[in-house]
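Heads up, the next two complexes both have subunit A, just with different partners, subunit B and then subunit C.
What follows is the complex of A and B.
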């Protein structure tokens, strides 16, 4: 019964993954843009229409666009399972996989640290606010949460970069583009990365902290009024024992979901933030791929982002399985 | 030393709310002796559960405001005990079990581990000793194959088993007093009588005082030595169970007894008390029971709350116009 659940979740994930591959392939092709035209704009050459058509046809053949969509799809899937994401349309036709792997760490630096920081501060403050229910710490949280969660992170980013970056000059408004090519794991370089990452992380995490704090506060309050907490109190257990072994184990469940879903959301959010701060990660890569109708690169980035989201969801499901014994029985009762 | 395990005088509990002050408990006297089973009976919302939580000082203050003139447990005055002092006796000397064992047990911790907590945290056992003791207590309360059930989570046990486990948990420390708040309400009748029998057996075994909070008179009749009838925050009648049942003096008690379903009773014989318990924010003037009382005096009952008067050494009633003594005591 236990293994059933795990296998079911994994199969489920695999099915969604197949759907993702398919959507990834067809979504860029919905656009009317002709990639061949993109690389050889008509006004640049002084060639005749026939010559131009010939070049476009050659380009299509070279990029594999002359075949039917289904044939291209079959080839794409075949290559995908041998670990090949194809080559970008960019000059020099670099491998998509290599381009992504080069940028991925920079995006992970932003999103993982944002996630950990916001979860840590949010959960801590939320627990505190729940214990201070109705007092200043609590009402301030609830009052500010509406504004801060409604405010898109790129607005916060613009304000921060204006005030802290441009105005006061404490942090750089733009990420140092040299940083990413010269990175060598020395302490100075790590410090430099953190210095450059400060504003993007702060602007992404503000809403996140408040979100975590509010949902933690609410689940602590709900769990605290559960009957088993009264039982724990009637057992004369110490307050910290009640908090850590009875309250925490139960309120962590919704937090786990939030954390994992937050990961997929953050990577999406990073796309915009990276653009604002000129951070050379997956987001910037994705925007440029779109602007250039670089199908293979678009597909590759989307595949990576959706795989991360899928893995995060699977991890959340499996963590639930570990944390909540009721799930192990298939949630039948 | 007196054999009173719990002695309460003039317990008041109020909850200030935005719409007014809720007087949940309005000065009740209560006591239970060693080896005695006392029931506190009343309809939902009469304040019996709040009282029982106040007996153990488990109400959170604020929001609750509690006042007691006397609060003695086992001969000690605990009215001024701090939280820390209370934690030394709550869970060991005085324990409590609740209505719905499924929600009263933590869903993500194994049943056995939840019993272990008492042994480890309260009685200072080692882990291994606690496990052995927990399995032994599960056996004592009649859980089949206790060593196996020890590793189960609450949702994996049946309702009766869960209630047994909960009883075992509150019996683990050989308490001087156990409060059972509607212990059988969530169970079907066959399991109900097993659980009541178990509670009685455990009580006799070590002379524990048992306080039964319930709205079910049949449970009271079968289990309790003495009974307190509570109505809208006040005790309205008190006495030995058989006397109260055979010879109720308060119209409310009589109404409760008449509304008990019984095999062989026809529909016409089955009566009920009209209306509901008054809303705690809107209690009537004079006697709280007056609007529902068939026996009330239009003058005095409307104006003044009757005092709680002794009828005999063991009987007391709060009524201007008690039902006539049927004798036979």
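What follows is the complex of A and C.
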């Protein structure tokens, strides 16, 4: 049963991945009469109709558009499984995978930091607030959550940039572009990256911390009133023993879900923050691909983000399996 | 009570900080090098530089600093200035060319001091390979980027399979019918079908490639292959040019491009010294204009390489170290009407635009002075109907400026049966309302709002419609729009190509509104093919009258460009019309302040 669950989840993920690949291939082709015209729109009337026909024929041959859609799809899948996301339309045809890998670390700096920070502070404060139920710490959390979770992160970003950046000069208002090209893993450089990333991280995570805190608080309160916790109390176990041995493992489940969902969203969801703080990450890469109708790059980024989302979901499912005995027993408990 | 006071005090302090706005921590003094820092607003810098195909964003700017053309061109004086080409001459002057000869022979001498950045000399083989590749779709498939090679008098085989029967370019190793002497080793002959001025782009836009690297290009390994080999990708990532700067590959990336000056560049200043005074250029990418504005105020950059929005000009001017230069743009903004809609996109409203009376009424409803004062805050100038901007030496100044005449416009529309039905605000004819969309990017929305106000007065309803980011691909080419606002730039050196694009080629072309006028097309073609310079000028001026009479592209204004630059780090900025303050002349004049 245990192995069945794991295999089922993995197969489920593989099936969804195949569906994503298929959609990723066919969606950009919807409504396109001749893909060669998208690749090479006529430029400034500089060509006669015959010249343009000639160049389109060459383009079709070059890109394989002269083959059937199914044949192209088979070729696409074959390339994908050899790790080739294709070449961008950008002049010189740089490899999509290289372009993604160039930006990914800078997006991860923001996303991983923000996830860890918000999870750590959110869970800590949420647990504390649950224990202080009805007191100032708890009331303050509930009161602020409405505002902070509703406030768009770019508004927070602009305010922080104005106050902590321009006003007090504590943090840079926009990232140092040279830092991103000359990074060398020295302590000074790492410090510089964190210094530059401070405002984007805080902007992205103020709402996140509150979200985690509220979610943790609610979980702890629900779990704390379960029968087995009351039994533990009746047995005379200490509060910390109850918290770490009984409550924690149970309220972790929704937190794991939140963490993994957040991870998949954060990689591509920092577009506005990247723009406000001039951070060259995946978000701006995707926007750039869109603006330039760079379909291979768009498809590559989409596939990459979808894969991360699927992996995050699979990891969450498997963690459920580890953390919750009910899942291990197929829900028979 | 006491707690409330503290909270209030904190609030006031916070508000104070917010209102003080940007803290002027000037960083310009703490620069670690003598490079010129140039701010660029885009979604990111490219990683590779294939000089011919890099025609978007910052790529052409960077490529033109790494690679060289044969000549540069002084539009004002109709004069070629040496770059890789040292001198040029017609073998036979245009007025003495035999009647049956439909081309001119141009002799170009290559500068023997010109070198590639690896120190090897630039040779005629480089020139030959470049033009040979540029003319050959089967190897370069450049799709019009190098359309200027059409000015070469090539002969193709009859079935248009792309094979060249006779080249329009000759060198000592590719002599054709020429007899080269020993002294001709640095000489290239071109056969061209245009006269001076019109052939300019051939010599001033095509960046010369090193034969030693690009001789690998073949029909099997095309220049713009969809899957470049490692060898080809290396060339694109590590460009070797003959220009005044080289790319520092290691320190360049999506957010910054570093160019270093070549001290062995063959062109020198008048005193024999280094031509470009800045030691290096760092292009810094900003994802948003406001960040670039803050960066120049902070002293992180010396200049912004694009026109800044009017709303920031006053704010920038408050900084004592930042100046804003205002110069005329090279573009005329024209209201372009879709007068010949493809069947697929035809609508009853669009069909109405074929009516010349309606088009004339539309022209009469446009008030250029009002648009300039209201939508540009006065930062623009009026334009005549021929679409040449007023500073152009070939503008036909006998043409009157378009003037608003609402009474006449209403009179014309009434007489033509465009009437306002009872209870309606706008006109209609045969049940079709005069309701048009202006498809445009959001940057022109303000102008469109004021056009709405003007057109309401003649009973025409205008609605803004947001077009895609790439107008050519998204709606121009398709012909899927009612009206749009289009930047038109006609100068002597592009008039052959651009007049054809705007008024001759239909079908696959991007002539935008697809006007079909045989007389106009014939005159444009005559202007393009004449080898008589004076006749060419005469035709260019006549064409302006013909263009104005069609009311197909109706001029709105020429807007001014505002360039922001710092004055505390470098001195010697030069403002150039159409390009603003960041330009080649500035780079040759700028000196670092002590």
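The working rule: the second predicted complex is superposed on the first by the 284 of 333 C-alpha atoms of A that agree within 3 Å, B and C clash if a C-alpha of one lies under 4 Å from a C-alpha of the other, contacts with A are read in each partner's own complex, and residues count from 1 in each chain.
Keep in mind that, in the parts below, contacts are C-beta pairs under 8 Å (C-beta built on N, C-alpha and C of every residue); 3 or more make two chains touch, one makes a residue touch a chain.
These numbers come from a predicted model, not from an experiment.
Asker: Contact-wise, after the overlay, does A:93 reach subunit B, subunit C, both or neither (first, second, both, neither)?
Answerer: In the superposition, A:93 contacts subunit C only.
Asker: A:58 contacts which: subunit B (first), subunit C (second), both, neither?
Answerer: Touch partner of A:58: subunit C, not subunit B.
Asker: With both complexes superposed on chain A, which partner does A:244 reach: first (subunit B), second (subunit C), both or neither?
Answerer: A:244 sits against neither subunit B nor subunit C.
Asker: After lining up the shared chain so the two structures overlap, which partner does A:26 touch, if you call subunit B first and subunit C second: first, second, both or neither?
Answerer: neither
Asker: After the superposition on A, what does A:102 contact: first (subunit B), second (subunit C), both or neither?
Answerer: second
Asker: What's your read, subunit B or subunit C touching more residues of subunit A?
Answerer: Counted on subunit A, the partner with more touching residues turns out to be C.
Asker: Between subunit B and subunit C, whom does A:167 touch in the aligned arrangement: first, second, both, or neither?
Answerer: After superposition on chain A, A:167 lies in contact with subunit C alone.
Asker: Figure out whether A:120 sits in contact with subunit B (first) or subunit C (second), or with both, or with neither.
Answerer: neither
Asker: Identify the overlap between the subunit B-contacting and the subunit C-contacting residues of subunit A.
Answerer: None.
Asker: Okay, in this complex, where on subunit C does subunit A touch?
Answerer: Result: residues 14, 17-18, 20-23, 25, 43-44, 46-50, 53-56, 59, 137-138, 141, 143-145, 147, 150, 160, 162, 222, 224-228, 233, 236-237, 251-256, 282, 284-288, 291, 294-295, 469-470, 472-473, 477, 497-498, 500-502, 504-505, 507-511 of subunit C touch subunit A.
Asker: Once bound in the complex, which stretches of subunit A touch subunit C?
Answerer: 37-38, 40-55, 58-59, 62-63, 87, 90-94, 98-99, 102-103, 159, 162-163, 166-169, 173-175, 177-178, 180-182, 274-276, 278-280, 284-285, 287-288, 291-293
Asker: Report the residues of subunit B in contact with subunit A in the complex, numbered from low to high.
Answerer: Interface residues on subunit B, with respect to subunit A: 56, 58, 86-92, 95-96, 98, 100, 103-110, 117-118, 121-122, 153, 155-156, 166, 169-170.
Asker: Inside the complex, what are the residues of subunit A that reach subunit B?
Answerer: Touch list, subunit A to subunit B: 226-228, 230-238, 241, 245-246, 249-250, 323-326, 329, 333.
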